[in-house]
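Presented below are the structures under discussion, each in the form of C-alpha cells.
In the two assemblies presented below, chain A is common to both, partnered first by chain B and then by chain C.
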Partner chain A sequence: MLVTGKRNLLTYTIAFVFILALNFLLPRMMPGDPLTAIYGDEALVAMTPALKARLVARFALDQPLWRQFGAYIAALFRGDLGWSYSFNAPVLKVILGALPWTLLVVGTSLILSTILGIVLGIESGWRRGSKIDRAMLAGLMSLNGFPDFFLGLVLLVVFGVLLGIAPLSGALTPYSSLSGQALILDVLKHMALPVAALTIAHLAGGYLLTRNTMITVLKAPFMLTAKAKGLSQNVIKYRHAGRNSMLPVLTMTGISLGRVVAGALFVELVFAYPGVGQLTYQALLSRDYPVIQGVFLMMAVSVLVANFAVDLLYPKLDPRVSHAH
Partner chain B sequence: MLEIRGLRVSYGNDTVLNGLDLDLADGEALAIIGESGAGKTTLGMSIMRLADAGIQGSIRFNGEDIFTLSDEQMREIRWNRISMLFQNVNNVLNPVHRVLDQVAEPIVEHKLRSKGGALDRAGELLTRFGLPTERFSAYPHQLSGGEQQRVLLAMALANDPDLLIMDEPLSSLDVTTRQELGELLRNIDGHRAKLVITHDLDTASRLSEKLAVLYGGRIVETGSTREVLINPRHPYTRALIRAYPNMTTVKDMQGIKGRMTRPVSGCPFHPRCTQAMEKCSSEVPRLNQNHGRWVACHRGGIVTLLSVVNLSKQFNLLKAVDSVSLHIEAGETLALVGQSGSGKTTLAKILMGLYTPSKGGIYLEGKKVEKREKDFYRRVQMIFQNPGESLSHRLSILELVMEPLEVQGIGTKEERREKAIQTIGEVELPQTKTFLNTYPHHLSGGELQRVAIARALVLDPDLLIADEPTAFLDAGIGAKILKLMLNLQECRGLSMLYITHDVAAARKMSDRIAVMLDGLIIEEGPSSEIVASPRQSYTKRLLASASSLHYLDKTSVK
Partner chain C sequence: MHISLKKEIKQSQSGKAGIIILLVMIAAAVFAPLLSRYDPMQQSTAPLLAPSFTHWLGTNQVGQDIWSQLLYGARTSLMVGFGVGVLSLIPSILFGVSSALIGGIYDKIVMRIADAFIVIPMIMVAILVAAYIRPDLFVLVLLLAALSWQGGARMIRAQALSLKEMGHISAARTFGAGLFYIARKHIVPDLGPILLVEFIYGVKRAVFIEAGLAFLGIGDPMLVSWGTMMRDAMKFSYLNVWVWWLVPAGVALSTTIIGLTFISHAAESVLDPRLRGEVVA
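Now for the complex of A and B:
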C-alpha cells in the first residue's frame, strides 16, 4: 500500500509539473511578443507603455526563461493567475465564481452515473440473457451513441420547452433572492436537466463494464460458496457478486473524468449554466487568454485530484491491489 | 439421514451421475472415492441442490425430498443442516471480504446470533482450527493454502450442521498440515454425519469408516473402508488401488487400462474390465450384497479364475504336494514362493496336466477340470524356466509363435501370421522379416524367454503360469522380463501364477503370496502383509535371506 501510494504520488507530481510547464511555455513559445500571447491583441492596444512595462516586470518577461518560470510559479502560489480584462477582475476570482456550479453538476452526475451504472449492471448481469437484461442492454447501448450536449438539447426541448416543468437556463432564478430551503430547491431544479443529460450520457460505460464483470464474477467459485451458505439473494447479489463487479468501474470513472468535464462544458452552454464551460465560452469570444489558461490549469488540476482520490479509494475496496507489489 | 435413490444428473447430453443410490446414517463417516470426472463434486453439489443441471431421482434428507422443497426452505437447510467444506481452489473465498467476516456471515444471515456473537463464534472456530488471531482480519489472498483450508473448515462448521460434505479436504496441503488437519477433521464431533468426496485413497482411509467407490456415475462397490481397501471385490476398485502410489502395497504401481468414457451402456466399467462378459455391455448390474460387501457386478465382483482344492501328489513315499488349496482371481498375480524341492514345480505341472494328482481337484471358473482338452490350454498357458529347452530349434521364430494357433486351429493362415507378428511386437521383440525368420539358437536367453511368452500369449489365455521365468537370465535381463510381464498383465488383465524362490521378486510382482514348504502351503495372504508381518518362522527366514541392499538397509535403520 505504502509503496503504491508513494509511486502514485510521484506520478501525480510529475503530471502536475508537466501541466504547469505546459501552461507556462505555450504562450511564450508562440511567435511574436509573449505579452501579446498572454494577453491578446485587444488588451494590448488599450495598454499604456507604463502598464506594459509593469506587466513585463511582473512576468519577468525581460529575464531568462528559467527566471520567468520562477516568477510564474511564485505568482501561482500567491494565487495570482493574472488579470482578466473582459471581466475586469483577477482571473482566480472569475474562475472561482464559476467553478462551484460546474463542480456541482459534474460531481453529482458523476456520482449518479457511477452508482446507477453499477446497480443497473449488477441487476442486468444477474439476469443475463433474460428479457430485462436484453432490454437494458439495447437501451443503454443506443443511448451511449449520443453526445452529451445533444441529450441536453433533447431534454431541454422536452422538459423545458414542451412540458415547461424545468427552467430553461441559468443556475438560479434571477432576482428572486431566495434563501434556505427555497434556494436549495431552486438550485436543484436548475441543475436537474444538465445533470440528467450528463448522467445519461455517461451511464452506459459503467453499466456495460459492471455487467460484463458481473457475468464473469457469477462464475467464480466464491459465488457457489455464497449460495451454499444459504444467504439471501440480495446478499449474494450485492455483497458477493456486486462488490467484486464494481471494481473496474471505479478505475474507469477515474479515467473518464476528463471526458465528463469536457462534456460538462458543452452541456453548460446548452443550458446557459453559469459554470466554467460558460466562462470558457465567453473568454474565447473575447479572447481573454488569461482566463482560458486559468481554466485549463484548473481543469487539469481537478482531474488530477479526482484521479488521485480514486487511487486512494481503490485499495480500500479491493484488498488485493495493495499487495500487488 | 441421507437417502439418495436413482440420482441422475446431466449437463446437457453429458450424464455425470447415472442412477446413483446412497445411504448415510446419523454420525456416519462415508467416503466417496473416484477418479476426477467420476461425478464426485456433482454429487456434493446435488445434495446441496446447487448443481446447475438436469436432475432426476430423489435425495431425501431426514425423510424430506430436497427437490420438492421451496427455495426458501432449501435456503434454511443450507449451512444450517448441510454444509460443505469446499475444495480449496483459488477464489473459493470471496477475495474482498475479511476471512473472519466470511466465517461469521452465515451465522448472522441465518439470524442465529447477533453480529457480535457471530464474530465471537467465528473467532472461536478459527482458533480451534489453528488460525492465529492476528490472521483473522486478513483477506484470503494473504493466507497460505493451509490457512485458507482452516478458514474453510471453520466456515463449514459455523452453523453446526448435521451433515458435513467435504470435497477433497486434504488435497493441496503439505504433508505436515495434511497430518494435522486430517487429525482435526477426524475428531470433529461424532454426531455429525460426514461425507468425504475424494480421489485420494489416503484421505478416504483417514477420514471415513465406510467407503463407496464411484465409477461412471454409479456406485460400484461399498463396504467398510478398511475391508474395501484391503480386499477390493470390484475389478475397478482393485485397479484403483493398484494405481495408487502408497507405502502399504508392495507390488509395482499399475495403471488402469483404457480411459473412463461416457456414456456407456450396461456396466460403466465394461470397456476397461478384464473379466467382462457379453451381458456386461448391455445390462446395468445392480448393487448386490455378496460376502458382506455391496458390489455392482454381473459376476459378483472379481471372479475366482482357478481354484485348487485339497490337491495332493504322492511319488512313492514322497508327498510332493500335500493337500494344497489355493485360488487365483481374474487379473491377479499369485506368487508361489518356496525353495527348490518344496513342491511348487510339481504343483504347476499338475495344473498343466503333466502329472495326475493323487487326490483333490482343480476348478477353472468353478468347473472341475477333468480331461485337459484344447480348450483348457487355450485359457491356461505356461512358461518354463529354460526357454532354450522348451522351444523347438527346427522352427523359425514366426513359426514357433504361430504353432499354438495351428494346434488350436484358430483362424486362417494369414490371420495366424498377423496375430503372431502382433504378439511378437507386444513382447517387445522386433517385427522385421529377418528376425521373424531366424532360428532360436541365434537368440539370447532374454529374447528366447520373450519368444516363449509370445507363444503363451498368442492364444489370449486367462491364466499364465510362469515357473521361475528368469532363472536362466542375468539380473538386468530378468528384471526386464518381469517388467514386461507386469505390463502385459496390466494391458490384458491376465491372471498369473508366478512361481519363484525369490521373495523379493514375488513382492514386486504379486498381489498375494503363498509360501510353500515340503509340499504344504504354510502361509498365504496379501503380499504387503506377508512381507510386513510374516507369521511363520520359515517365511521370516526367507525374507531375511532375500536379496536386499544391506548397506543401505543398515544406514537407513539407524
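Now for the complex of A and C:
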C-alpha cells in the first residue's frame, strides 16, 4: 500500500534530528560510564589515562548534556565521526573505504529491480486475470516473502557450493593483481550473486505497484481513444499505459532505496562482500560502537536525501502535480 | 464499508492459502512441546548429527535438536510478530483517529512526525538500538511497536477523515455526541479491514526484523530463533548440513512471511475496490 503524504522540508528536518538525537543519546543513556558506552569495554582497557582525559574533553563529557550535544554536532560538521578502535583509523575513513562496494551492489540492484518490476508489472497488468498474470502475481508475492539473506544463502549454496560457478566470498579474487578487462570481469563475477539476491528480493514492490496502477489506468477513457486511433498494442501498452503506471514506482524509489540498503547489510554478510554491511557485522562482533553509529548515520541520511530528491523531482515527472498547485 | 472482509479473504485463493499457512505455524508454535521430545536449548554430546529417527532433522553444532528448535523458533517468531502487530495498532488508532477528528495544528504535528518516521529505514534503527541494548523478547516487541505505528496512523487517519464526512456522523454530532464518543462508536468499528491490513503488516515486519537481528547476532541469546539457526548453519555451509539445518529454518521463515503477504493482499482488495473481481489471484 502506498503511503502518500505531502512530505516537506519539515518532515525531513524532524527525521534528521531524530537520527542525530538517537545517535547522541543512546550511548549516553546507557548505564555506567558514557565513555564505555561510546567506545566499548575492550577499547577502554587499552586506554591510557591521558588518552581517556583527551577523549572526555573531546566529547565534552564533563559538561552538561546540551553542551555535549553542541560538541557532537560541531564534530559532525567537521566530518569527524569518531575513532574506530578495532580498525585503528577514523570512522569516516573506514566507512568510505567500504562504501564504493555497497554503492555498486545497491545501485545495480536498485536499477535492475526497478526496471524489471515495472516491465513485469506492465505485462502482468495488461494480461490481468490471465494464467500468466496469476502465475506472476503468486510467484512474485512468494519471492517477496523470502528475506534477502535467505535468498542470498540459497544462491550461495546452489551456485557457489553445489555448482561451483560463482565465487564464494569477497569482491575480488585475492592476490590476483588483475587489470583492465579481466579486473572488470572479476568484479562482475563477484557481485553477480549478491546483486541477484537483492534484485529478486526487492522486485515485488515495484511489480505490485505497477500492476495495480496499470489495472486502474487501463480503464481510463484515453485508453479507448488510443485503441480507436488504431495504435499498435506495444505503443498503447508502454507509451500510454506504462508511462502512467511508472509514476508511483518512482515516488517509492526513496523508500525502496532504504530497503535495498538495509538488505545489502545482510546480503554482504552472507557473501563476505567487503562493503558497509560486512563492516557493520565486524563492528557488531567487536562492539565497535563508533563504526555502528557512523554507518547508521551515513545510511539513514543518504536515504533521507534520496527521498527528498525524489519529492523534489516528482512534479517534474508528473506535470499534473505542478499544475495542481 | 459494506464488503465482508471474511468473505473477501475466503473467496481469494491466495487468501485461503495464507490463512492455512498461518494456522500451521500457530499450531507448530502452540504444540511445540508435544511435537518434539527434546528441549531446544538442551545441549548434548552429539553435535552435527545427520537426520535419524531419534533426531528428525539432526543436531546443530552444540548438539541441540534442530527439529525442536524449528518448532520453538515459530514460537519466538509469532510471539514477536503478534506482539508488535497488536501493540503498534494502539498508537496507530489513537493518533490516526485523533488526528482526523481534532485536525488543525495537532493533526499537522502528528502527521509530520509520522512522515518523518516513515522515511527513516526502520530496520537500521532497530539494528542500532539492538546493538546497544541487546533486547530480550519483551523489549524487542516494545521497540519494534514504537517504530512501526506511523504508516498505520496515516492510513487510519485517511479513512477516519472520509468517515467523518458521512451522514450518520453529522447526525450523531447534531445530537450532541462528543469527539471521543464518535471515535469509539462510529469510527473505530468501521476501520475493520484497515486494522487487519495494518496488523498483518506489523506482524510481517516484526517477524522479518526479529529474524534479521538474530541473524546479525544481536537478538536475545536465550531465545530459539530461525535467524540464529540460519546464522549458525551458514558457518557450516561447506558441509551438507544446510539441507536439514539452513533450509528448514529459511523455508519456515519465508513461508510465514509469504502466508502473511497473501492474507494482506486479499484484505487489500477490500480496501481498494478497483482491484477487486477479475484480478483476485
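The rule is short, and it goes like this: the second predicted complex is superposed on the first by the 312 of 325 C-alpha atoms of A that agree within 3 Å, B and C clash if a C-alpha of one lies under 4 Å from a C-alpha of the other, contacts with A are read in each partner's own complex, and residues count from 1 in each chain.
Note that in this section a contact is a pair of C-beta atoms (placed from the backbone, for glycine too) under 8 Å apart; a residue touches a chain by one contact, two chains touch by 3 or more.
Keep in mind the model is a prediction, meaning the values are calculated, not measured.
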item	value
Chain B versus chain C as contact partner of A:220, first or second or both or neither	first
Partner chain in contact with A:212 - chain B first, chain C second, else both or neither	second
Which superposed partner A:96 touches (first chain B, second chain C, both, neither)	neither
Touching partner for A:240 - first (chain B), second (chain C), both, neither	first
Chain C versus chain B, contacts on chain A by residue	C
Partner chain in contact with A:187 - chain B first, chain C second, else both or neither	neither
Chain B versus chain C as contact partner of A:112, first or second or both or neither	neither
Residues on chain C engaged by chain A in the complex (per definition of touch)	14, 111-121, 123-125, 127-129, 131-133, 151, 154-155, 197, 201, 208, 211-212, 215-218, 230, 234, 237-238, 242, 246-247, 250, 253-262, 265, 268, 271-272, 274-275, 278-279, 281
Touching residues (chain side chain A, partner chain B) in the complex	220-222, 224-232, 235, 239-240, 243-244, 247, 317-320, 323
Chain A-touching residues of chain B, taken from the complex the two chains share	45, 48, 50, 74-80, 83-84, 86, 89-97, 105-106, 109-110, 139, 141-142, 155
Residues on chain A engaged by chain C in the complex (per definition of touch)	1, 3, 5, 7, 10-12, 14-15, 18-19, 22-23, 26-27, 30, 37, 128-129, 133-134, 137-138, 141-142, 144-147, 149-150, 153-154, 156-157, 161, 212, 215-216, 219, 254-255, 258-259, 261-262, 265-266, 269-270, 280-281, 284-285, 287, 289, 292-293, 296, 299-300, 303-304, 307
